[in-house]
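Structure in structure tokens, see below.
Labels A, B, C, D and E are assigned to the chains in the order they are written; within every chain, residues are numbered from 1.
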Amino acid sequence: MMMGIVVGTVVSTRKNEDLVGLRFLVVNELDQNMKETGKMVVAADSLDAGVGEVVLYASGSSARQTEATKNRPVDATIMAIVDELAIDGRSRYLK
Amino acid sequence: MMMGIVVGTVVSTRKNEDLVGLRFLVVNELDQNMKETGKMVVAADSLDAGVGEVVLYASGSSARQTEATKNRPVDATIMAIVDELAIDGRSRYLK
Amino acid sequence: MMMGIVVGTVVSTRKNEDLVGLRFLVVNELDQNMKETGKMVVAADSLDAGVGEVVLYASGSSARQTEATKNRPVDATIMAIVDELAIDGRSRYLK
Amino acid sequence: MMMGIVVGTVVSTRKNEDLVGLRFLVVNELDQNMKETGKMVVAADSLDAGVGEVVLYASGSSARQTEATKNRPVDATIMAIVDELAIDGRSRYLK
Amino acid sequence: MMMGIVVGTVVSTRKNEDLVGLRFLVVNELDQNMKETGKMVVAADSLDAGVGEVVLYASGSSARQTEATKNRPVDATIMAIVDELAIDGRSRYLK
């Protein structure tokens, strides 16, 4: 999975019917220093995540291995809210 | 999913028979500032999207999880027309 | 799918038996200005494409969704010969 | 697979229920000179790997082909602890 | 598929049990001029390839579509030994 920070939301009314009911969040990828890498993804939200939260998201077919996204045309899903990132035994991020 | 803007069309008569009936659009990837990243993809259209519209598209096997693209040799499909992109609570794009 | 130009061929006699009978072409990725991006892929040919032709190719599991490539260990397949690319309503490439 | 070095851990309590019981490690990708490429991934651990160990990890649907990760929403899994990397017959890394 | 040159081997004793019996080779990606791109992958070997040989390898789920790698947690497999690469009708590489 990749780590990212939720920075926004996408609203869409005209969309594939299999996406109805899913919430889509804009996630900026983070590196191990908690810096944004410049990459962005629009991920389905399975955890009611909010703007500013640090998350793990899965891509590809793995993004469909949840109750909320099974068989849906989704290629990125938020899977976890990060409580702590520790590098070499030291905390780099603590919620 | 990634966000992009539809900029063109691709016409092909000699193609795999499983692609017959699908429309293919040229989509330029956008970042969260609505700027083009330089990456381009040719995506199947499941929504009758038009040039100039901002869209979300899915890649990989997820691109085949729609009525229109099921079991077809397609690796990118437009899934939603974006109405609004909001970053940190502010609207960055409004259709 | 990605757009590319066929620039060459790869010959191999010692290969996985599930590849026997498939033809492999060297394809250089093109951007929307018909310029090469520097990326190259070796794609299975399902259309008898020739050097110099502009093509669309699918990657990943989608590359196996054709009669010719089903269940074969192939991750890129040429799916269409491009007749025309139109950007913003203007023809950028015409075969 | 890619080679990487385990540099840290991610702790999460609010997560998809299908991830419960899995341990997630921060892995920095390595090149053949054992230098970090700058890419990072958060991988599920199926081997009780520790910080400082050099590992191989699989991505995408392949990451789910283990007892521990089957049908789980995981897109990267540590598959092996590297004992030795030999380039052109010479040892570049020895555990 | 991508083209690469085999440059080394990886030895691992502590690994996922589904990898036992597979040999893993370090492969450097090549471009159409036979120059290394800087990208490296550790691929399963289904052909008894040796250091110095130019190969084609498949990635993702396609890497598991062989007798040797079926249902195994492998995301890159060597599929062919390249005999000749011809660009624009001229030989760029001949074994």
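Odds and ends about this structure:
As a working rule, contacts are C-beta pairs under 8 Å (C-beta built on N, C-alpha and C of every residue); 3 or more make two chains touch, one makes a residue touch a chain.
All values reported here derive from a predicted model rather than from experimental measurement.
When chain A is fitted to chain D on its Cα atoms, the angle of the rotation, on a 0 to 180 scale and to the nearest 5, is 70 degrees. Averaging C-alpha coordinates per chain places the centre of chain B 32 Å away from that of chain E.
Centre to centre, using the average C-alpha position, chain C and chain E are separated by 20 Å. Residue positions of chain A touching 2 or more other chains, listed in rising order: 60-61, 63. Here the chains link up into one ring; start at chain B, go to chain C, and the full order comes out as B, C, E, D, A. Here chain C touches chain B in the complex through residues 1-3, 31-32, 46-47, 56, 58-66, 77, 79-89, 92, going by the rule given at the top. Per the touch definition, chain C reaches chain E in the complex via residues 7-16, 18-19, 24, 26, 28, 38, 40-43, 51, 60-61, 63-64, 71-76.
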